[in-house]
Amino acid sequence: MNTTRKTAGAIGLALGLFAASGAAADTIKVGVIAPFSGPFAQYGIQYQQAIETYVAQNGASAGEHEIEFIYKDVGGVNPDQSRSLAQELLIREQVDYLAGFTFTPNALAVGPIITQSETPTVIFNAATSVINKESPFFLRTSYTLWQVSAPMAEWAYDQGLRTVVTTVSDYGPGIDAEVSFKAAFEAKGGEVVDTIRMPLSTTDFTPVIQSVKDQAPDAVFAFLPGGPPTFTYTKTYNENGLRDAGIMFLGTAETEESNLQGLGDMAIGLTTAYHYSAAHDSDLNREFQAKLHELHPDGIINWASVGAYDGVHLIYEMVKAAGSDGPAAVEAVLGMEWESPRGALTMDPETRTVIQNVYIREVERNAETGLLENAEKGVIATVGDLGWDQ
Amino acid sequence: MLRRYGSQYAPAVLMIAVAVAAFFAFPFNLAFLTRILIMIVLVLSLDLVLGYAGIATLGQAAMYGAGAYAAGLFAIHVWADPVAGLLIGALAGAALAALAGLALMRTHGLTLIMLTIAVAQICSEIANRARDITGGADGLRGIRMQPVLGIWEFDFIGRTGYWYAFAVAAVVMVLLAVLVRSPFGLSLRGIHQSPERMLAIGAPVYWRRHAAYTLGGGIAGIAGALTAQITQLVSLETFSFALSAEAMIMLILGGTGRLYGAVIGTVIFMWVHHTAAANDPFNWLFVIGAMVLAVVFFLPTGLISLPPALKRLAKGGRHAGS
Amino acid sequence: MDLLLNIAVDGIAYGMILFMIAVGLSVTMGLMRVVNLAHGGFALIGGALAHWLGAELGLGFWLAAPLAIAGTVLIALPLERVLYRRIYGFGELQQVLATIGLTFLMIASVNYLLGSTLLPIELPPALRQTVDLGFRQLTAHRAAVIVVGLVVIAGLWGLLDRTRFGIRLRAAVDNRDTASAIGINTSSIYMLTFALGAGLAALGGILGAELLPIDAYYPLRYMVLFLIVVAIGGMGSILGSFVAALAIGVIETASRYLVPDLATIVFFGFVILFLAVRPRGLMGSA
């Protein structure tokens, strides 16, 4: 690759020129690109809190290297900004690792440059399978939509549900969720009666819910982006008596912890399949939460927090194994197994997304704290990225 | 005569000097500087439409997005030459503006604003639904450009991208400078000030406005094509209302109806945003909000009127003192 | 038949919520001729106050909602004195910039004080139960919104068409100088009208929160929706906004029942078609 070599030369030149002004040689910098402003600022805040928690537990150095995190605000879905921040981090701050990435386009936009600069990049959230095909330097500690939607469908069939209507927001992730659910459910022998795609701008879900009710399936599968749509959808589900009509709610991230208390009592009984619940019963999880709440008493903990926490662990392991040598670092952690607050994880050498447990959960009110939580009812699958070959 | 030209070209010379100085002063922020240049092209297009022709719009992103997707698709499927891509982007932007303009240019005020918003929203929804072609919400990826004019390869640090975007912005600027001084440009100003009088003297007001909107659309399309080529990815956000609104804020901030106003407004807004967001992202909106309010209340014709305002202030101060 | 009834019921309920939120904008923007993009900001302040009073202070909905509306008006009055009084005289573009700047400050303040997550407003049990319509259920909340909407439209009509205040307001808007000359205190009329607009925004924000949930970025997220209602209704016509909101509610609901995945395109297509044919809106005056 002539281009790559030339670029590497250019970077080398830049590095050489500015080595004097750079940090001490044994410090390895990690650039975190995430939204810290705007409606999605919660993601950035959670990443930062989880990172600080990991550092507080494990120290600020990995092996012989000091680790320093540099946070950059990308605002929202903004690939232009994401890419230019990545360039700034790589060239000016001379970071050796990148991390963060809440939205798929923001991750895809840095694909070409991290391939050129050979920078391992850990995705804390973005959940489209296709991202990891864009560069061999992408590693993902969150999940993919296939990973949770397909087990949900199989579990639903095993529970005796035979007919389902899917209702998803009409955009990439929603369609991924619909396609994967449908494929898995029909492979088992169930029937997806109707697939409704709702435009992202939908504010009133009553028509959708009413249509579902009229078709009287055994269950309705939903996928919506977090925030206002999820909030109104679940409200509408309850208000229109679907639960009373015996139409079960099946979801994934809809009951995530940052908005769960806001949903109130109507959320009780909602069933979701997901890879992390803040209520997961393990010592590691309790230690993680205790430490985080010690540092940030009001901090919210959900899948974005644990994605970042495990992502930092992955970065520490890469630094220990290979320092700033990107390709060697990625090579070192492929196939790595470790215990996370969410359960056992393996970094899949092929898809570079973690293989993890998917739990079936039900929203309950915790008798002790009086707060709503996603109570885990069991592991329904241990899977890697099922969407990789699609 | 010479002096007149001297003062006329002084800002242009100054801008080139600033661009060169910025290149050497911020060698590691070229990607950000390039984004400012692209935004300048978009805001310039808005200045032609809104500032000169007086067409109220909050949907300039429609043409920006059309240019971005057209240039991106062209690069992927047909030819990855950057300059050809720019032309395609310009054509797409102009075609969309010409088509929408047929209906839009019959209306004014709030109605016109709402129509421009609606057009952008429909474009966004179409791009979202045509997932097989555009990649939908994941974005259009796989754009790999050939060297500019077959000579300069896009490099990692973004030097080529910076000079390429600068050259495009400069060409657009010169074209617009010529255009607004031409009889066509003068008639646009006339229509802006008093459409009735222009109608009375026999000017085809509707078609003049339509032409201005189409030209503005073409330039917005160029800006969109630039962003597609430099980011190598096009997302649905290129059509977003937020982008249209931000471009409008930058323009009014700098001062409408003056090309340098568009440039100054864009640079100041993006620089303040960048700095404020870097220091306290969670609260940067305070800074932007306060800045916007301060400009409207104290510099009603935009930041471009800051130097004369300061001059007046200094003079006033002297008078008061003496 | 059931489908038609469903569309009618849901469409009217949704349209009434849109009306509740947009009517305040119709007052400030239509009657007072201010391009008031900060309208959603006042709805946000109302909703955020109601959330705060309910969740933090533990007040019940029936107490929290009126207090929140009163609080919003109290915040709006000094803003009118200090900022809007000067904004009235600006050109349209300057008004856009000034009110957007103000919106940014409102968002930043709520974001700073209450964070960027959703700010739910707990409804009282009376509004949470469902009403049986025979062929289907409707929540009491939506039924209540329909009633309040009718009360608001009737009240505004009475206020603007049947009282001295309404006559003076119209005189003040039509020609401020003449109105002042014949002894109308235009500045207090403007202040009262503005306060009315802000109060209605808060009411709409609180009542509409079931469909358009409150969070710090609420004003930007729904700005376009509010503007569309006013544009379709026609500037300066309260009745126009009312009819427009219902029409939009029914059309959007119908498209969600019939062609759910095309609903956005149908909606904006309709907006374009309508405004191209009737640029002044349903009942707009020249």
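We just call them A, B and C in the order they show up, numbering each chain from 1.
By our rule, a residue touches a chain if its C-beta (ideal position, glycine included) is under 8 Å from a C-beta of that chain, and two chains touch if they have at least 3 such contacts.
Computed from a predicted structure; not experimentally measured.
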Just grab the chain with the largest centre-to-centre distance to chain C, centres being mean Cα coordinates.
A
Any chance you could check whether A-C or A-B wins on number of contacting C-beta pairs?
A-B
Between chain C and chain B, distance of the C-alpha-averaged centres to the nearest whole Å:
32
So the centre of each chain is just the mean of its C-alpha atoms; given that, what is the distance between chain A and chain B in Å?
35
Chain B, residues touching no fewer than two other chains
121, 125, 129, 282, 285
Multi-partner residues in chain C (2 or more other chains touched) are 111, 116, 261, 264
Residues touching two or more other chains, restricted to chain A: which are they?
41, 170, 199-201
Once bound in the complex, which stretches of chain C touch chain B?
29, 35, 83, 86, 90, 92-94, 96-98, 100-105, 107-109, 111-112, 116, 220, 223-224, 227-228, 230-231, 235, 261, 264-265, 268-269, 271-272, 275-276, 279-281
Chain B residues touching chain A in their complex are 27-32, 34-35, 38, 121, 125, 128-129, 131, 135-139, 141, 144, 153, 155-158, 227, 230-237, 277-278, 281-282, 284-285
Give the list of chain B residues in touch with chain C in this complex.
50, 56, 103, 106-111, 113-115, 117-119, 121-122, 125-126, 129, 241-242, 245, 248-249, 252-253, 256, 282-283, 285-286, 288-293, 295-297, 300
Write out the stretch or stretches of chain A touching chain B in their complex.
3, 6-7, 10-11, 14, 18, 36-37, 41, 44-45, 72-73, 75-81, 83-85, 87-88, 91-92, 104-105, 108-109, 111-113, 116-117, 128, 130, 134, 170-173, 175, 199-201
What residues on chain A touch chain C, complex-wise?
38-42, 170, 196-204, 206-208, 210-211, 214, 227-228, 231-232, 235, 239-241, 258-259, 262-264, 300
